[in-house]
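Got some structures for you, see below.
First subunit A sits with subunit B, and in the next complex the same chain sits with subunit C.
Then we have the complex of A and B:
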């Protein structure tokens, strides 16, 4: 089945390849972004202003309502029983004691669960949301250690939790592959989004052997979990054949469609709402808890609240997979790259389509004469892995940018200078022009702001008391994405405007930034604009992922705005100062329309509507297909600078200073953007120094399923982090902006590792860099 | 048995297994107190019990018979914010907002501990009556409140400006 799927993906990939060639050669103005968004030219309006979050008062007062916070009449609470073997079948399952316990309403197992189709796995369909494609509680088969085998429903959470401990399950184990090393012989080429994770330019191996200076090393990164502080939760009710889900989601429309597929109902019979999400990072997509709660609510005929325990999140919601990456760099004596080879191995499961694509950053990073990139993957009998903040780039830049640091030292060239010398003029692999690439500016301003000139090029050269001090840098990068499916409803009334789109606010500042953008586009004050989101009944299928939401919403609102102008001009009538004007003739200002080159020819929206006798105008626009991605090479970059102190006696590493210098197009809101950048960097500090999901390779069980044993950065681990940016608009994106949610985590781990090398002379190539590796 | 929550008396649950956290959330529908781990590892459930910060997930509701609990709802409302809540907005001391009520309750309890001269691991003078609100001191004392969005800098800024209007310049070392 997976071979057939890969073949189908390959055919799609080839078709995309042909299409890409045609789009690459098309004239600019045929392509979205070919004509710059007029907002790029707006210098003194709402864009670029440090507006505080519009949902701030609700969040700081605890009144923002999250998924588990909707009480319902007759609601029951759920608790899950997890399998304790990696593979095999349920030999016996006795729920009698649980059913007899006080307050228990029902125990759902594969025997009595409603019959469901398997979940559509993410990327198997544009609207698919599932973490994997495995049937959910439909048979006695066990596919991973921690798979739900029973759901207990009771009047209170305490009753459900206790009764879950009374469910008796015996298993018949089957041979399982749970150890990475044992799976190696089965490694095969990895496919990602229908295309092989493999690129070649020239004969890299030969060029490497002929190069004057060579670096060749293997880097390893472990598994990670997202660990949003909000536990995954749903409150579910079937009301008149409509499945209503209060969710914590970064893809409400995808989830509605996917659950509809599973339950055999149309997507409009599934309403998923998610106004607030307590952190996502790739983890708040559709997993079994959605399905189990919906099925349980159907089975017992009552609303169900299912809040995963923290352990439950680790058992049920996949994280980032591990990688083993080999980077070989060959350069001439001046540091010009003759060969860049980045290849290696990751692990996925038989039931998902997500190999950690760690070569993505290397595709456009450097102007190497020859390039060879490859990802192979093995399949393990574990919980499906998934995307986590900057899948690919986060861990890929650790390897690539550590190797660049090693090369700089071998060449005795400053690491920043080495990178600048290898800046490409055009995309190194596909030859496309860059839409905007100002990383060199970011390097210069960053180096100056950080005080890079104080770094000793000689490692282990600076000591204060017990502490060895060092500095390192690395390049971060993340592409501009815009996925198909963006659509937005724009409603104009005499009082203002409202945008409705099935998008998400997980703390990125989306709602605040989009209110600013829409107010600017319509010439309205911020207070006159509403942003409706987090509801699958709104237009659009918009993933809050791939740092693409801002662009997807932006392009959809541009389309809706165009329709709105057209409709307004159709109703202005002959008495209006705007009479006879065409959409291209007008602009929005001061709560109305004016002639573009004659601003005093103006009429307010309220006046236009009143004259036409209308209370409102409502239009829905769809963003065009994202062909700009095939016409330009579109990427953001960051120059990351780190200072560490490593205790010479204990080996303890502490990050004492960090600066990120970003080139991400135009920054829409400096306050919320700063938080996004810092947030990514801080997760990168965790990646560098402490984070690891540990698996018992004998039985495939996560060994540290808790926030006590999986360490994330705490206040004491986080120094003041400086963030600066070029603020140079990308002329080919909506608002001139590129996404900023993920780039912060890229490059960060390498900057830390490189600083630790500079401090100690010890090169650690296995994350996390814990103190035992520095003793 | 009764407990006072945000100044109002409430009946304690008959089931002794109910944690203070679940009591607040599921019985009183005071959802501002958050559940992030239910095992004392994340701090999202921090509330004030007779003014002291505690983890409500590690407390049984019945243990607090006769005590007074303050949750985020008792600190300030969306239309009448406590200065620290206002400072969190001003300094962008949150993104998703889920850990925020716990951070705010914890910081209020922490400030009181400092005023009472209770030293921390990074306090230089263990006998000092007046412990300065250094950023490192705040970081150490707030480290039981996890934030995954990475709003740490904004949180410390908000706390520092609220409780120590004139903080020293940032010159600390990681040691």
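Then we have the complex of A and C:
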């Protein structure tokens, strides 16, 4: 058994090294084989309540301070000059006019930048945060069109921006590979987290040829860019040899360690704080702006603020790479899959390790007799691509679930029924049992709520005026992850408790949900719980990615909670009703501890602390290694339903209705969860209908680096979106919950494409589905 | 920072005088200021003319006179515009966003510049419109949004305005002022085709100020249909402005203009000639559309626009000749 086959990416790679010794240290509480998290049994407390976001009032009143809003004494503003060639060297660089411009303090180029080590590329080390491993402004080499070649520092942003336009750069171009088709001959097997993106079960090709019904099609998805509403920004100062960064980050501890590596200092000399983030989605990791601002602050001896322009985000921050996927399905006449082949090609750069892993969803999707999955990759001279909401599954489910729709039609079976017929009993590739898999329930409740029975099985069969109307469905999926490194500090005072962990609130409701969880765990009112996060000096190395943060925090808090109870019982003394009890004997209720089977034997935390003469107790617990992933195949699912209207004259596609029916374990906060699901679906509508980074293949330049030309959904593109969920706890995760940040984007594009087919009879296999493809 | 002088013109004469010393006219700033930020437009002085010539008045002949400083949203909301020139109200409301329409002026709307992405990429791409003689990277690049009519080897960009397409269909007349005096320009003559000088976009002389736009009396039925990639905040792939008078089953008079297809709002004279005096119906409408589009030329990415324009012309004519809603 290989864990790398059962879940993806980050978890495996980071966990692999730890696994061997971890097995011996496995704790005995909620981890496989032990008892579930006791909170799973709590039915009427803080969990599952629609608590409004605690950061809401701060944000709507403008008092929440984001990275670009922290003032610093003597601060200067930075502007970046970007390269205009894809590859080569800087032949000449004249900053004299820029330096002479009003307000300019310094111009940093490769000639005067501090000497730095290359960035540790993400996944090269458990704490690595870099988008790629290219040196940052250390030499005259240009590696992509848009690479920073100079940083202008001035007293105001306007002065810096203007002076940046005065920097004169001439280049000597070298041959660059910027066209996907030209790179094809160099395709190589893709490696992801040190493992090949390749799986085989039986002889799929032979089984396909022998199958009664076959589907074989190629699907294409374009490049996408990150477009979080908050621009990437840092405010940086060197204070007494400590590098302090106000950041917009989804990995503060990783960033602190990585910058430490680059600047040759230890990670405790780098303090990264990120209290509020205006959207992450995989894009708010460490990119060159962190390094450039820190280097510039060192060079000029003053604090520096660097806010990327929207264009700057496109030039500097990687996005999702393109894919070309072939899906072949073979089935018997009853629709049972004999062969599932999903393979294809993506592109990356020589300096990163992120092939878009579009086969991940296919690993555990269906009970096919034979399976063959493979990703090959080519390398291009472009900005490094990176993680973007549900890397792999978002675009992989478009291909796989479109193909399932094609198969359903070929078989004349309802597409939901086809999927249910191929539900696996256990993980199709590694045979592990599922921790909890209730997608069939989600299909049934979703179909009923959506009115699936109104769908015509015959395409192009429903029309109102100019509009063709159709319905489609698709399955979304995203795995449960929990990465190693989670640790939390729990502080108890007579007034309440505080959790401290280097985790992140990027707008998804983390702080709110974690306050609810902690209040429930400690038997406290919500108002008595504080959640400290977004600071690299706090315990833990927690990535807000892979939809794993809730689990990582949960596991760490469980560990800290156990330590807290142990300490409390040690100080209760002989006069307490709790005297002589062991940690397993007690539970938390009503702001104190009680004997589990005699709840009236109770003493409040305040009373325990007062008697012991202590103001507070502080413990720090570490989450156990993610052994649950070795014992169970752990995945969330979603049944996605879409109704579209396609204009018969102009081809304009408009989504008129959408419903997501989710099976993600227990939902901790229905209000914030609804927003997460809806937000993911809206991003999926953009993926389906409009998002596309236009890179001119002649020179590798992004040609639509703006929100006016790079289309994302506007309000009028977003219909009523209904979200429902099974709310069935997963017995093998903290709180019974699985992450919900990414699953909403998965399956959505296929549901749209399948609905468009149902409306028009046109099968569009390349995204985005723009009107020209429907004329 | 680039030194920049800003002044509000007290009247049209003052504006023209300031322009004579090099100032550029500033309306709502929704395009010019963007272009200045991108270093595509450079100027040392702005003279704000947005407070001049504001308002809409009925003219003696039953038409309208629209002051050049009138905000786009004010035009679209005006009762007479909504009653008599629905094509104009609809075109304006199909453009940009509510915030932009609240700022943008009538005169400024007409003079906005193309959104060709190579035009906007000052540091990294070639553009004959930005720098005459430099070359055109759109010709063999991303040109899905570009021209199918009237383009040249030097430029394949399109004019982005919706309002101007409606005005072209309405036979609107521009009123302008220079130090030498006033003149009238037919709106259909205002914008040039690119030829070998795509940097010269209009017939306006340097310093010539648009003071107003007059509309002749309206045809009884008119409308505007814009086809785009998303239902708001997107430029037209193809748009059609149409107005028509039908008399005993025949077309007595018709005006058609296309947007998103050319370097200027494209008045479809060929189609009008085919239609005028002829019968109603899909066959006639398609023949008219084909006549107009016979000269259309597709680039790498925009071939679909020819069929889309054909279909949209037919649909608009059918809408205008169908039973009133």
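Quick note on the criterion: the second predicted complex is superposed on the first by the 741 of 775 C-alpha atoms of A that agree within 3 Å, B and C clash if a C-alpha of one lies under 4 Å from a C-alpha of the other, contacts with A are read in each partner's own complex, and residues count from 1 in each chain.
Just so it is clear, a residue touches a chain if its C-beta (ideal position, glycine included) is under 8 Å from a C-beta of that chain, and two chains touch if they have at least 3 such contacts.
Model, not experiment: these values are computed from the prediction.
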item	value
Clash or fit (per the criteria above) of subunit B with subunit C on subunit A	fit
Subunit B versus subunit C as contact partner of A:716, first or second or both or neither	both
Which of subunit B and subunit C A:489 touches, first, second, both or neither	neither
Which of subunit B and subunit C A:84 touches, first, second, both or neither	second
First, second, both or neither for A:143, with subunit B first and subunit C second	neither
Three-chain overlay, vertex subunit A: subunit B-subunit C angle, C-alpha, nearest 10 degrees	40
First, second, both or neither for A:158, with subunit B first and subunit C second	both
Subunit A residues touched by each partner, larger count belonging to subunit B or subunit C	B
Contacts of A:276 with subunit B and subunit C, given as first, second, both or neither	first
Touched partner set for A:680, first subunit B, second subunit C, both or neither	first
Subunit B versus subunit C as contact partner of A:343, first or second or both or neither	neither
Touching partner for A:666 - first (subunit B), second (subunit C), both, neither	neither
Lowest C-alpha to C-alpha distance for subunit C against subunit B (Å)	5
Subunit C-contacting residues of subunit A that also contact subunit B	156, 158, 162, 466, 654, 706, 708, 713-717
Subunit A residues within the subunit B interface of the complex	52-53, 55-66, 68-69, 71, 156-158, 162, 226-231, 276-281, 307, 309-310, 464-467, 506-509, 645, 654-656, 671-672, 674-676, 678-683, 706-708, 712-721, 744
Complex interface listing, subunit A residues touching subunit C	82, 84, 102-103, 145, 156, 158-159, 162, 165, 466, 649-652, 654, 689-690, 694, 696, 698-699, 701, 703-704, 706, 708-709, 711, 713-717, 770-772, 775
Sites on subunit C touched by subunit A in the complex	1-2, 39, 115, 117-118, 120-121, 123-125, 137, 140-142, 144, 227-234, 237, 304, 307-308, 311-312, 315
Residue numbers on subunit B that touch subunit A, as the complex places them	15, 17-18, 22, 25-26, 29-42, 44, 71-73, 75-79, 81, 85-86, 88-90, 92, 94-101, 104, 135-136, 138-140, 142-156, 170, 173-175
